[in-house]
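Supplied in structure tokens, the structure appears directly below.
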Amino acid sequence: MLEMKQLNKVYRTHLIETHALRDFSLSVREGEFVAVTGPSGSGKTTFLNIAGLLEEFSGGEYWLDGVDTRGLNDDGRSRLRNEKIGFIFQGFNLLPDLNLFDNVDVPLRYRGLPAAQRRERIESALARVGLGARQKHYPAELSGGQQQRVAIARALAGQPRLLLADEPTGNLDSMMARGVMDLLEEINDQGTTIIMVTHDPELAARAQRNVHIIDGQVSEVERGPQLGRREAATDPNAAAA
Amino acid sequence: MFTYYLRLAVTSMRRTPVLTGLMVLAVAMGIGASMTALTVLRAMAQNPYSHKNEVLRVPQLDSWNPESAYDEEGNPPDQFTYRDARALLDAGKADYQSAQYRTGLSIQPEQDSLLPFNASIRVAGSDFFQMFEPAFRYGNPWTRADDARKARVVVLSAELNDKLFGGENSVGRDVQMGDERYRIVGVLEPWLPMPRVYDLQEPFEEAEDAFIPFETAVDKEMGAHGNNNCWRSPEKPGYAGQLESECIWMQFWVGFDDVASVAAYRQFLDDYVRDQKALGRFERPLNNRLSTIDEWMTRKEVVQRDSRTQVWIAFGFLIVCIVNTVGLLLAKFLGRSGEVGVRRALGASRRQVFAQFLIESGMVGVAGGVLGLLLTGLMLAGMRALQDESYGHLTRIDTEMVGITLIVAIGATLLAGLIPTWRACQIAPALQLKSQ
Amino acid sequence: MLHLKPIFSALLRNRIAAGVIAVQIALTLAIVVNCAYLVVERVSDMARPSGYDEDNMLTIRVTAMDPTRTDIRAETQADLAVLRAMPGVVGATATNALPLGRGGWAWSLSNSLEKAGSGRDEDSEGAAIYMVDEMGIDATGIELSRGRFFRAEEVVDLTQSGDASPSTIVISDALATALFGDEDPIGKPVWLNSEPGRAPPIVVGTAKRLQAPWTSWQNTEQAAMVPYRFLYPHRTYLIRTEPGQREAVMGQVEKVLADRDSQRIISGLRSYAEIRERGYREQRAMAWILTATMISLSLVTALGIVGMASFWVTQRIKQIGTRRALGARRFDVRRYFQVENGLISVGGILIGMALAWGLNVWLVSALALPKLPLAYLPIAALAVFVLGQLSVLGPARRASLVSPAVATRTV
């Protein structure tokens, strides 16, 4: 699903060079739920940006779902991002000017789907996160947990192969956080690969596998206890059709 | 996708009504000012006889003072002496020719309910109607035979016919003008050649109330209401002296069925002046002209300097308004860098972001254009109030101007939107809405 | 200490936005300066007195219906007699034209016979000619600077077919200077260029001011009065009243003339204020149009500055809060934005002054407009600077109200 080999990422200013990632290699298989942890400044965010095709890298290889991302220009990366990746942000990142329906609609619009298909997907995605009745509401009218559910619905509506979550519960109280985690697990059960960046060890423990990043390198890989069960997941290609 | 961008634009505009209002107002003011000035300029500069531009000509003969040119540029006089008009009329070398001037007569209506009043009269030859083609509501122009026998005939304007005869067909009836009765041979439809090409001394005046034959007016010793310039005083007093003098006071027009005849007429004019030189007149160098209407309008400076100045200043104003819009759009678009980042993260390409923001700029242009059109109407009304009555004809807005206005407004805002849109496209996809 | 350096480097980081505002200020300055000059020029033209006692004057036109069968001389004398007998009337006369009246007659005059005969334009001076009888001074209220006005015996008849010559002439001071320089013009003859053979009228008096009918004529102060009884079928009566009596006379005059003889056309009753209004119509229109442009332009630019400054304030709320938390006073925050706007304005003004000058050079060559006096530039620059400072007051105040607590608030 995701294959990073010897990735390097260097930030340059006129004074210093910072190696955010150094010979970074990671492989994530179809249907996995991976938690990425590490202290701040370790390169977690850079990893997420590169995995999400938001940033380019300086050296190495990155294959996403069988596509070599090295040769892609900005447009190509936009299309790949749109089709294969769903994002869940710490700050939810809903567009305040749009109601829930329109927020979920955003990635579908860029994919150019016909109106009827978009409507169907939006309604089912919102229904799935339990907000089917509030399509016309604006983000400001919702609680944080509800906003994050909308963000998840937005990510799901695109039927992505890979869901990238950046501290998805960071801005939520523990009650709401648990609900969001339940939802993510449910999604993963249905075959979507999830990579979640977090610094919360409790959350990380709920993933199948933990990747710890220190100084831009993968320092340690832990196997989660429930790995065996998840490997028998349903065919994820069915969901991406 | 286009409708999606339109919807996003409307949503965004409604979310920031003050900023959007400022932008729309600025565009509208710039558009209003420049379109107002342009409307007036266009009305002044248009040639209502462009289809006959080449075949209607104004001859000019340099009969002026041997010691000093008529003007600083050395042009020949812009009017005719009676002697030269007489000679050219008698020669009859053009297909159509008319000597003309403006005069006034008092009209005594038959109805007791109407007081006597002054009417403006255009004195002209029968060919005038062939050359300038006013439409007739009733009857016809008088004939060349009427010219020759100095007939007391008149063609009324629609307005005068309405006033005197309630708009009825008055052909064949008489009207008392000055000390004589004139037989009505024709009534015109409302006629407004703008500018009034046939007499550019007052280019934005309306056409006269009535038309009578040149030969009749001279016979009745009618003077000109218009410029009468003499480089040498008449040698004899009175009207006879005026006719024999070197004073210029009438306009002369010639018309041709075929442009090919123009060269021959030019030759005729030169020959005429050479003959006159032999008689001791025309001491200045040979300096004849045979101008087309366009050339004539340029020479007579029909478009006033103030109007040109206004157009330049108005377009300067428009540029400031566009720069202003650039600034405000920049503020607005950069203020939404978070949104752009998220949209980019969710898969929007640069081109899609570009389209979205350019369409939003265009929407400001459409709104500004529509409001600008309203402002143009208001400003033109203001211009009418500031100027005299005849100026009203210059301040009509036609469908073409409406089209130009909208295109300029949208074009200008799209232009203004380019830099801000380009900047918005540069925003990287992001995982954080930074401005929250 | 204004701490210009950090403000300046902050501006450099926003250079597109700052540049846009500076360009807008520059263009505004360039256009406003040129408009202001054109307005001032027109307004000062319009303020020139005509030389007539305009406040107490009115005019009315009479047209004979059948000129060939009318004794115009008798009619005119009778009309003037009833007009002069009206209560409140100081004087009345028949004339051919009016200062500011748009239409009139002009003669070319020379100070010597040789010059009059040369036929060259540069040997003569154009002068507007007003034909009035001996009551002309009472009917117009012109103020003589030298000499005297016409005597009754000098006034001759001028009919449409007549050929009488005036023996005397009263000229405006401006015309006297043009013809005779510093010499005393009284007693000097002036020759008509078009007619050097004719006996020249002698200057008997000069008027402090007497304007031509054409307000945009370059020699509009050059005019003269000649002693003619103006006996054309179509003539204008000039009537001067005692102060405060004009309205009363205006209400009566049509009836008085019609009562004497109703078989002619009596029209064009106007106070001199109306004549002035018509005489300067184009100039006034242009002045208003340019003034409106200047105001709108300043407004647009001010709103643009407000919009941009507000945006910057919003963008920097966190930064402002942090500064406040670190000890900046409200005053410091306000000053930051005022100084920032000042820096942009100065940049815009420098470009704008060069642009204004360039624009004027171009206007002078392309449209033959007058050259801009340099003194306008610093005045306009100051005005534009103040405009910028005022525009940014609101946003700067809003910035100063940002709470220091913003600094500790998480995103």
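Letters A, B and C mark the chains in the order given here, with residues in each chain numbered from 1 onward.
One rule holds in what follows: a residue touches a chain if its C-beta (ideal position, glycine included) is under 8 Å from a C-beta of that chain, and two chains touch if they have at least 3 such contacts.
This structure is a prediction, so every number in the text was calculated from the model and none was measured.
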Chain-level touch network, classified as line, ring, star, complete or other: line
Two chains joined by the most C-beta pairs in contact, as defined above: B-C
Distance-to-centre winner among chains (Cα means, whole assembly as reference): B
For chain B paired with chain C, centre-to-centre distance based on mean C-alpha positions, whole Å: 26
Geometric centre distance via CA averages, chain C-chain A, whole Å: 74
Centroid distance [mean C-alpha coordinates] between chain B and chain A, Å: 68
Multi-chain contact sites of chain B, meaning residues that touch two or more partners: 432, 436
Of all residues in chain C, the ones touching two or more other chains: 411
Residue list for chain A, restricted to those that touch at least two other chains: 91
Interface residues, chain A side, partner chain B - complex: 45, 48-49, 52, 54-55, 74-75, 78-79, 81-83, 85, 87, 89-91, 93, 95, 97-98, 106-107, 109-112, 154, 158, 166
Residues on chain C engaged by chain B in the complex (per definition of touch): 16-17, 20-21, 23-24, 27-28, 30-31, 34-35, 38, 63-69, 118-122, 160-163, 192, 194-195, 198, 234, 264-265, 267, 278, 281-282, 284-286, 288-290, 292-293, 296-297, 300-301, 303-304, 306-308, 310-312, 314-315, 359, 363, 367-369, 411
Touch list for chain B against partner chain A, complex: 1, 4, 11-12, 15, 338-339, 342-352, 428-433, 436
Chain B to chain C touching residues, read off their complex: 19, 22, 25-26, 29-30, 33, 65-68, 104, 106, 108, 115-118, 178-179, 223, 230-233, 237-239, 304-306, 308-310, 312-314, 316-317, 319-321, 323-324, 326-328, 330-332, 334-335, 382-383, 386-388, 419, 423, 432, 434-436
